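Structures given as structure tokens follow.
One chain, chain A, appears in both complexes that follow, with chain B as partner in the first and chain C in the second.
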Partner chain A sequence: MTTVNVPRRVRAAVRDSALPVEKWLGRLRVPTPSTVTSPAGEKRYVGSLWTTAGVVLVAVVVAVWADVGGAYIQTVVGLFAAYLVSALGYTVVLGQAGQFAFCQNAFMALGAYGYAVSEPRFGPVGGLIVGAVAATVAGTIIGVAIIRTRDLYLALLTLAFSQAALLAIQLWPPTQGDNGILVDLGGDRAYLVAVVFAAVALIVVQRMTRSKIGRAFALVRTDEKAAATMGVNVPLTRMLAFAFSSLLGGLGGVLLGAVLTFITPTNFTLELTLLLLTMIVIGGVGSVWGTAAGVLIMVVVQQFLPSSGSFGSYLNAALLFVILVLRPGGLRSLVNLRSSGGSRG
Partner chain B sequence: MVTTATFGTGIVNGFALALVSLGFTLVYRATGVVNFANGSQMVLGGYVAWELGSHGFPAWVVMFGAVAAGVASGVVVDQIALRPLRGASLLAQIIVLIAVTEVAGGLFLSSFGAEAKTMTPYAGRSPIVPGLGWSASDVVLMVVSLVLVAGLTLVLRGTSAGLRMRLVASNRLGATVVGVNPARVSTLAWCVGGGLAALSGALIFPTYLLSPDLGQQYTFDSFAAVVLGGFGSLPGAAVGGVLIGVVQAVVSGSIGASYSAFVSLGVMLVILLTRPTGLFGARA
Partner chain C sequence: MADPILDLDSVLVRFGGLVAVGGVSFSVARGSVTGLVGPNGAGKTTLFNAISGLVPVTGGAITLRTTRGSADLTRVGAWRRAGLGIGRTFQDSRLVAGLPVLDQLATGAFSGRGRFLGAVLRGRGFLADEKRLVDRAHEVLAQLKIEHQAAVNVDLLSAPERRLVDLGRALMSRPELLLLDEISAGMPVEDKEMVADRVLDYVRSAGATVIFVEHDMGFVRRVADRTVVLAEGEILADGGPEEVLRRPDVLAAYIGPGAEGALR
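Here is the complex of A and B:
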């Protein structure tokens, strides 16, 4: 069994957060998969099927509840589902792959506007495809362009991209700029579409976390050199993280637009990224179930906020700050005191 | 239309950017933290100057007030936002600084309204340099910018405070060992950086319209200037600022004013892809 020694040591190092880079990542602890390598005798993860069944069950219950609950409940459920899809994408790139991306709002805007502009001609399915492709292409381009860019530079580059993308959308005549544009996806039934997508996204992301690519994300986040040594294609993995998160961001944007039924570029400012950040930081960056909890909390909290004014963004900022200072691991760290427990996320 | 006046405007814009990126570079040089709230501090300076100016205070009081507000904002950011996070991850610090920007934008919006403000220039607005179309205010802006770039370069290089700042940025532990208090140096840098950002705002906004959402745009533009010039290099930031200002003016003169905002993203992408150290930067 000498052959498994090296991977085991690396695995232990990753798990114990003993690598200096993990220390550098410091207080924003993110779940480390329990199976970086899976030598024989390792207890196989068997929860996935039950998890899938559970997610489907919850989604059906929520959909039925919204169906009988009336328009208000439907909007809130729709918002929750739309934010959840985008936040899951965000937590993959930021928390799991460790890339400092701050442009999820731009991906959402590209998705929503891609849908809104193309839906009259290609129908809802065609619109969804256009929206998703628009966001994913942008995400992939970013993923390629950042090949030599990391950390701070990456943060500012993605911020600048989000600014530029939003401006481009505003200037492009078919989007009708600040006058706004109607988004029609199943009319009143938009929330159902959103719930279906959210359930699928939850299952996919949860499974992906424990797949080969999910482990590659974790390794790239922890230590790019170690990842390369273990045979991970680092540039490709970083690109995939961006592509995947932009795909979910684009879909989430379409769904958000569909739930809101009418969008302007102001729906997709940097404040949206800040809201998503609050959601995933509350739950614990990188954690799938934590993200779901964070999205739920923020959507519920938003229902009690005054609809006008900047109070929402003050609250976001305050929450972010308090959590980062007091509980950097988010809710997850309250539930699972041992960091290895977080790998269930 | 691209005329010599376009280049004149671009050069003034460039010196304005250089001025903005001074505070940015200083904080980075001294603490290793990139100040994402720099643009907001600059807009703060602009609003304080506007408020004081509209009450008819003389120019030196206006400047002093803006700088004082900027220094105060630097203390607030350093002590309240960043101090509890000292030793925390880079990501946490970036998130908090972005949150600070958002809060500042919200505060500006609720206290000054969304409509753009016009400020009375301290010097004349009519052109005094023919061809380039520079007014007396523009010349003052450029002179102050040049003097501050040169002065700060000398301070960082030649004084003990500058030496301490560079020491803390390069090796925090080493600084502690030789008796430098990193927390104090960091507060000092944030004070000076905040003051510089606010001063640049007070100087720039008589030339431009002032509105609450400008902070982010200036942060990106000044970051592009810094990336182009080489991170951490003050003269580099000045050269980068002027280059970006000129390109923006040419783009806005030939294609359209709205498109000049894409220049900084384009420059950042090209530089970070091809030459991450920038034109003058020694280290990545």
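Here is the complex of A and C:
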């Protein structure tokens, strides 16, 4: 990791323009995240191991806490973990690869229903595979279909896909449509499965960001032509981004279903994508740790909302609005201010 | 010409009814520095785009012969050309926002396969690749004399400094043929000279070949050993910079007939 000396005039400008919390944060010096793995070769490997160890430790602590904390804590922890897996996938495609996709809810629905429909016959592992494959195949097909589609048109196309997929799921007899379907993954222990998946997803996405693939995403996001002249296979990279995000979306969907234990198509409407969007925007689009923070904040906030009614959606939309107006970079941008730089690490 | 690195054979680029490049043929000698000049809309950038594969070529052939292989580029996808030894900068280059200079350079080298599993498991091969990449980035930074900026966020750099970073990014893959599109545009004279010197440094140390598009004739005279003038998609003049830039028809193409005196 590199630490950057911020020029005094920049620091002064930040201090003068910053919100109070940023002034306070501005006193801390933080390392600049990087897309490079090893400025000092093996030394960096150790750093990466520490990150992994930290994630594993936190996961174990959270799992133990949930285990002794009872059913309510277990549900909240399970929700956090399930949303985190999906949100990480979303932040890869939207924030890192810069593809305006709005169909993460459909990938989650495909995962959840793929699992729910196949689990009685193939068991939990088979169900997980079916759910993940269903979502990933859909994501890959979209990744191929959008070779010539970008920006606003891409957004519209993914919205249309999202609605169509959800309708198909609703009308397909095995899903039992609006009557709902049971999802059983480890019974009461579903939250544990979710925590394990979330920890693995965090580590994988964080490591992927700091590798050739993460750099290819950054180039494609910034300038596709420049990316191509530097040797990036742009269509393949975009397809990979969709495939990867749909895989995590599908797994997150299975986990969400498992934590809820009973799902109907209304659990996976476009509002779910909006919720994930708020989560990753709060943390800073494209940032791995920012996503974790955003998911945590939104899951905690949701616990204080009335369980019925649409107040949650209003709050969600209002939050998104306020963040985009005041701090489009999210929490991550505070780190950027502090260290004068950094990738989406 | 003996041993050309690049051969353009009646290259034709047409956008609908508009002929942007109308059957241009010329060869570029290995190790030479060629300036491509001409008025706006002459087809210079389009020709660059044809060589880098960003626009489809309507007719003709572009043959590249480097130590990494020879190919008719019109049959090779844009992203494969970097692996054949072509590097390129853009007129309006966009660097990845928020990344430090070193990381920015790291985005420049994409030949060879990515290793997803290696990246996730942090395997030996992956770490060795990353280390080679960072070493190469430091090498390029030293060559461009911007090593002190390795950790600086590119968003805080001035326009000439960003151009140097963009150049460095293109140098990461050790290109044998380097295409520079108006690399000195909008720079003060001192910076132009600095950029020119560093380009020449690279050419001499790496034995590379450079083709550059440029509007500043001082820059052309300083750097080029050959100047090709394009006008309306065709070659108007070809030769040493001094003689070519003095020709009345070249001046007329630039600023209109009868106004040649303005440049003297």
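In the analysis below, the second predicted complex is superposed on the first by the 291 of 345 C-alpha atoms of A that agree within 3 Å, B and C clash if a C-alpha of one lies under 4 Å from a C-alpha of the other, contacts with A are read in each partner's own complex, and residues count from 1 in each chain.
The working rule: a residue touches a chain if its C-beta (ideal position, glycine included) is under 8 Å from a C-beta of that chain, and two chains touch if they have at least 3 such contacts.
Computed from a prediction, not measured in an experiment: that's the story for all the values here.
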Just to be sure I read the superposition right, which of the two partners does A:56 touch: chain B = first, chain C = second, or both, or neither? neither
Partner chain in contact with A:152 - chain B first, chain C second, else both or neither: first
Name the contact category of A:230: first (chain B only), second (chain C only), both, or neither. second
Pick one for A:270: touches chain B only (first), chain C only (second), both, or neither. first
Does the superposition put A:324 against chain B (first), chain C (second), both, or neither? first
Thinking of the overlay built on chain A, is A:218 touched by chain B (first), by chain C (second), by both, or by neither? second
For A:315 in the superposed arrangement: first (chain B), second (chain C), both or neither? neither
Chain A residues contacting chain B in one complex and chain C in the other none
Residues of chain A touching chain C in their complex? 2-4, 7, 10, 32, 34-39, 41-42, 44-45, 48-49, 203-204, 207-208, 210-213, 215-216, 218-219, 221-223, 225-234, 336, 340-344
Residues of chain B touching chain A in their complex? 34, 36, 81, 84-85, 87-92, 94-96, 98-100, 102-103, 105-107, 109-110, 216-217, 219-220, 223-224, 227, 258-259, 261-262, 264-265, 268-269, 272-273, 276
Per the touch rule above, chain C residues touching chain A in the complex are 52-54, 77-83, 86-88, 90, 93-100, 102-103, 106-111, 114-116, 118-120, 122, 126-127, 129-131, 133-134, 137, 150-156, 169-170, 173
Within their complex, chain A touches chain B through residues 24-28, 94, 100, 102, 145-149, 151-153, 155-157, 159-161, 163-164, 167-168, 171, 270-271, 274, 277, 281, 285, 309-310, 313-314, 316-317, 320-321, 324-325, 328
